[in-house]
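Next up is a structure, given as structure tokens.
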Amino acid sequence: MNNTGKKIPVCILGATGMVGQKFLELLENHPQFEVVALAASEKSTGKKYGEIVNWQQDLPLPSKYANFVLHECKSGIPGKIAFSGLDSSVAGEIETDFAENGYIVISNSKNHRMNGHVPLLVPEVNHEHLELVKKQNFSSGGMIITNPNCSVVGLTMALKPLNDLWNVESVDVVTLQALSGAGYPGVPSMEIVDNIIPYISGEEEKIETEPGKILGTFSNGIIDFHSMKINAQCNRVCVLNGHLECMTVKLSKKATSSEIIAAWNNFRSPVTGLISSPPQLLQYFYESNYPQPRKQRHLGMTVSIGRLQEATFGRWKFVILSHNTVRGAAGGAILNAELVVRQGYL
Amino acid sequence: MNNTGKKIPVCILGATGMVGQKFLELLENHPQFEVVALAASEKSTGKKYGEIVNWQQDLPLPSKYANFVLHECKSGIPGKIAFSGLDSSVAGEIETDFAENGYIVISNSKNHRMNGHVPLLVPEVNHEHLELVKKQNFSSGGMIITNPNCSVVGLTMALKPLNDLWNVESVDVVTLQALSGAGYPGVPSMEIVDNIIPYISGEEEKIETEPGKILGTFSNGIIDFHSMKINAQCNRVCVLNGHLECMTVKLSKKATSSEIIAAWNNFRSPVTGLISSPPQLLQYFYESNYPQPRKQRHLGMTVSIGRLQEATFGRWKFVILSHNTVRGAAGGAILNAELVVRQGYL
Amino acid sequence: MNNTGKKIPVCILGATGMVGQKFLELLENHPQFEVVALAASEKSTGKKYGEIVNWQQDLPLPSKYANFVLHECKSGIPGKIAFSGLDSSVAGEIETDFAENGYIVISNSKNHRMNGHVPLLVPEVNHEHLELVKKQNFSSGGMIITNPNCSVVGLTMALKPLNDLWNVESVDVVTLQALSGAGYPGVPSMEIVDNIIPYISGEEEKIETEPGKILGTFSNGIIDFHSMKINAQCNRVCVLNGHLECMTVKLSKKATSSEIIAAWNNFRSPVTGLISSPPQLLQYFYESNYPQPRKQRHLGMTVSIGRLQEATFGRWKFVILSHNTVRGAAGGAILNAELVVRQGYL
Amino acid sequence: MNNTGKKIPVCILGATGMVGQKFLELLENHPQFEVVALAASEKSTGKKYGEIVNWQQDLPLPSKYANFVLHECKSGIPGKIAFSGLDSSVAGEIETDFAENGYIVISNSKNHRMNGHVPLLVPEVNHEHLELVKKQNFSSGGMIITNPNCSVVGLTMALKPLNDLWNVESVDVVTLQALSGAGYPGVPSMEIVDNIIPYISGEEEKIETEPGKILGTFSNGIIDFHSMKINAQCNRVCVLNGHLECMTVKLSKKATSSEIIAAWNNFRSPVTGLISSPPQLLQYFYESNYPQPRKQRHLGMTVSIGRLQEATFGRWKFVILSHNTVRGAAGGAILNAELVVRQGYL
């Protein structure tokens, strides 16, 4: 809620896709935001959402959205904030159009992420980067804010407290990524049942570049990228939701296992009052076989960590699990919007 | 066949298990070995194999084995070579008993692998280590020969030509291992459908230690372990057969991508005449999304490699796939027996 | 709650199994029942539940149970009601022991179901059968009450309103049953990934006999079994939770499609005030591809129905989906206990 | 081979699809047919097959096809026989075009199946229906021959010997169908992992109508449809290959279990010399949990049967398994072409 006590009207771009659906699920009862418009591709324009959407969430479509008539993805539709779950093939131009016309665009797509004037945000990690929007200079007052790739969010959250205390020098990460990350229809079942695909287009590059920006230091309106070296290998596995990442990390300073676990468990958001940010941001599991996608993904916005062990060359290895469409996409984007409100940008 | 032209009689220890079953499948038409006895746990003794086995291979039980009456796993049963697919909880003592009583024991279990007098063999990689058996001094003439952990075989084969040319300094490896590697009944379906288990008991330790022995140099009857540093993280995934491994490797000398691929594709066995050794030991795939368990595991004794790319710190990353019950277990053990015959130890 | 306002103390027999775990999950916040003791097999006696249980539910073990010390499954432990999730191999004697010693035994096992003095209950369908317990004559005041096989519950609920209006003459049913129905460890993953097992031991017999008792008429202390003829074929499929059943049903009287759907949607429980009984017992879905296990199982105690069509010989075909460990096991058993309280048997 | 000893040139329509790929796999070493041309949709025309195909078979693309340049699906391309794996949305017109221009069209699509002049063939079941083509009167000498829906082939084969001996009056069948039956990309993985879809568009209608034609009697150039009444319910399950069908069948005359099994096991093709027709057409399994997709689908052109039991109303119930892309599609179509050659139509 803004200071008038009324909910802020928001629209969803790409409302029929997997991320769009998750936006609706997570915003159904949100105390600050009220979905007032849904937009999708031209061929759906004018049709009722409930009739056109191929709803893929486990819980049913919230009934209040069924009769929304779909808009085209063009500025002018109702809403002050535009949550974008658009595919990167179209997100760039459409999001720019909305920002130019005064919307606060909360993007989940890669197009603007590495732009020097666009904040790439995980609010609990680098909320101060939000100030970058001041450089965007849209005369309309609009702005574009992005959240990272779904595999990058959990990774940067797990690294943040380690970096603060001991500086992260390098990361080796192998991801085992869930099917929902590929959108819909996404991966054909014939490709992935009883199989693994050791390749996700563009993913390794994102994981190797985005954390440097997120964990970079912000001063004088410029982000000084973190110098950590990241080596990523990405796999698609037959899991519905939840990205698992096997990490090996080099810290600059000496740490003990219990200090690292304490750093994770005690990690708190520097900015308070964000509704979608859980009290426990990182949760360490001592069970030798945790975290597992099906056992920990219900934690939603909390990132699970387990199996911390010493590795070669004085490094540390561990495993993280984050929910790719909640923390890694729609939930992270909503959190960004909450930060915008909290910091008074709206 | 040995030089008399007759097949060598062999017995299978642990014949009802997953590895035991694969032994039968692979030996059905083997030109050198003839299965003459099957042994399993005490409770099956005296029963017909076809009635007691819970056959789990995709192709049906070769009919000639159905009426074999099961022996107890005690020396004295027919056979000169004893192929052991026994579980490590019992393999140690039983295999020693057979060796003491004159059998050539070809073991697939971990118990004797790291013993200084026991060769840990991948014939195409370190056939010369077989000579270690001379130190075993069983008065009976028996001996114990082992093959490595199922994840280690493919890994050492992929490393061998790189190590010969450029010396391997370090390895980071994350495995995505198939269900058949856990034996039978193995992993409960409730645990692994729509899930990953980021832990396999004892597996990381084996991967971090066994390659040092296999790639060690043998002189004066002693193996000088290779000094490469290995960092392993192991996952069980919902795939029936075929272990996939994401590797990052540091070489001591400069190499190019095309030189590395050529080294793999041109890798040939130094010892010839091994029936189960394929002409192409390593096959590099240029497709960006290969190797995949379901697409390459049919290659059986050939290890598939793909996705070679430069990594951080001057390292190389790539992905390998090997069939865990063929190259990684029963097939590798049979290859060891072929080496024993070829080198004149029988 | 009974009339004193205090919760009724209950114990769980077979607390570590799949049904036992679901009992704990569903009773965690139950307003009438308070779990005061957990019992399991002898080898676990004396150990803490949190340390011994192999927790398989998606949500974590409710923390309040972690420190419960396990009892042996013998009468004498705390609790007035004993919820039994015991395996049928031991349930018979143990449940009798508890009933003889004054407990109200709510059994989920097959052992006593077809006993002429034991009610086989789905409270919304045949609550009046509860009176059968008067014939049990345990001097202790104890009694045994059973709920049906997990596939039978949904089936009888879907048939009940049809039978009331048009009399059911015959049923053909093919089940596609979930993995959790097989308990833990249950079906080995090697058996069911990319596969179907068209056989579940004893299941077809239960489906063909239990509905006759449940839908039978009760008078003068005797159940007159319903004469409907049932033909069942059962399959185990690679689904975690939710039994799907393809049914074809012959009714004695003429009905229309819309009348049948109305009969389902308007079906209400004749006995009110049962906490675990949902307002909507049966929900018909008009979508052509519903119900699906992953899309409807979250409905828990509500049975989903879809795809009603005319079939050959004037019959009707349709598909039902019920959650096998909620409505089909633990949830159904808790409902039975609620009925016992509601009817004043405790 | 025709009588000149040379192979007959054939082309594949829809060569990049799942059925088209299976045609190539099965024809690679066929002694009678030589693939001389591949055709696919317009957008692929002129491109090399190996570069454009998304090969989905477990074994790799036979190398000899990789450099074939794709034709458009228009008559005029090389080949006397045109095997069509086209989708039904385009198959009707294209197949007619090829027949009008002199090709023998072997279609796997539904479009022409129920046409009174088009044989719907399972050669071992109703080879005499081939004579229907004489009514087609294409001046070019071309003709159209179809094979049934993938679920219908196994069903009619299992019914044929029963019908010959005891007359089949009615059939209730519930199918559990594999993913490959939906083509490529087919079923999205997000829809089917840990799930079942109890609906396949148009499938129930095909199963309820096609067997009447196939098992009909042919005389005076007309097929007198069989009067058996069929009731079908179809499910898509998470299995890669192999359709399982749970059947309940009413016979007009009395039969015993052993007579029925003997009828199946002794069923032989009335027409001999068909290369793709296996000696054992139907194989009965006595194991209580067979047939299973992963255990019996390797039998390819042989249909597996198991679990024969008496059912209500004097009926018989049993389970069949047939490989949907081999016996149910490409293999069945090739068999039809072999029949055409054998009967001298070419």
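Letters are used for the chains, namely A, B, C and D, taken in the order the chains are written, and counting of residues starts over at 1 for each.
Following the convention adopted for this analysis, a residue touches a chain if its C-beta (ideal position, glycine included) is under 8 Å from a C-beta of that chain, and two chains touch if they have at least 3 such contacts.
From a predicted model like this one, the values you see are computed outputs, not experimental measurements.
Simply put, of C-D and A-D, more C-beta pairs touch at C-D. Seen from the C-alpha centroid of chain B, the farthest chain centroid is that of C.
Separating the centre of chain A from that of chain D, both taken as means of CA atoms, is a distance of 47 Å.
The mean-CA centres of chain A and chain C are about 41 angstrom from one another, to the nearest whole unit. Between chain C and chain D, the centres computed from C-alpha atoms are 42 Å apart. Contacts with at least two other chains are made by residues 193-194, 238, 240, 294-295 of chain C.
Residue ranges on chain D touching chain A, taken from their complex, read 18, 56, 179-180, 184-194, 238, 240. Contact residues on chain B toward chain D in their complex (touch as defined above): 58-60, 193-194, 294-295, 298. Against chain D, the residues of chain C that register as touching in their complex are 170, 172, 174, 176, 194-199, 229-231, 233, 235, 237-240, 244, 246, 248, 288-295, 306-307, 311-313, 315, 317, 319.
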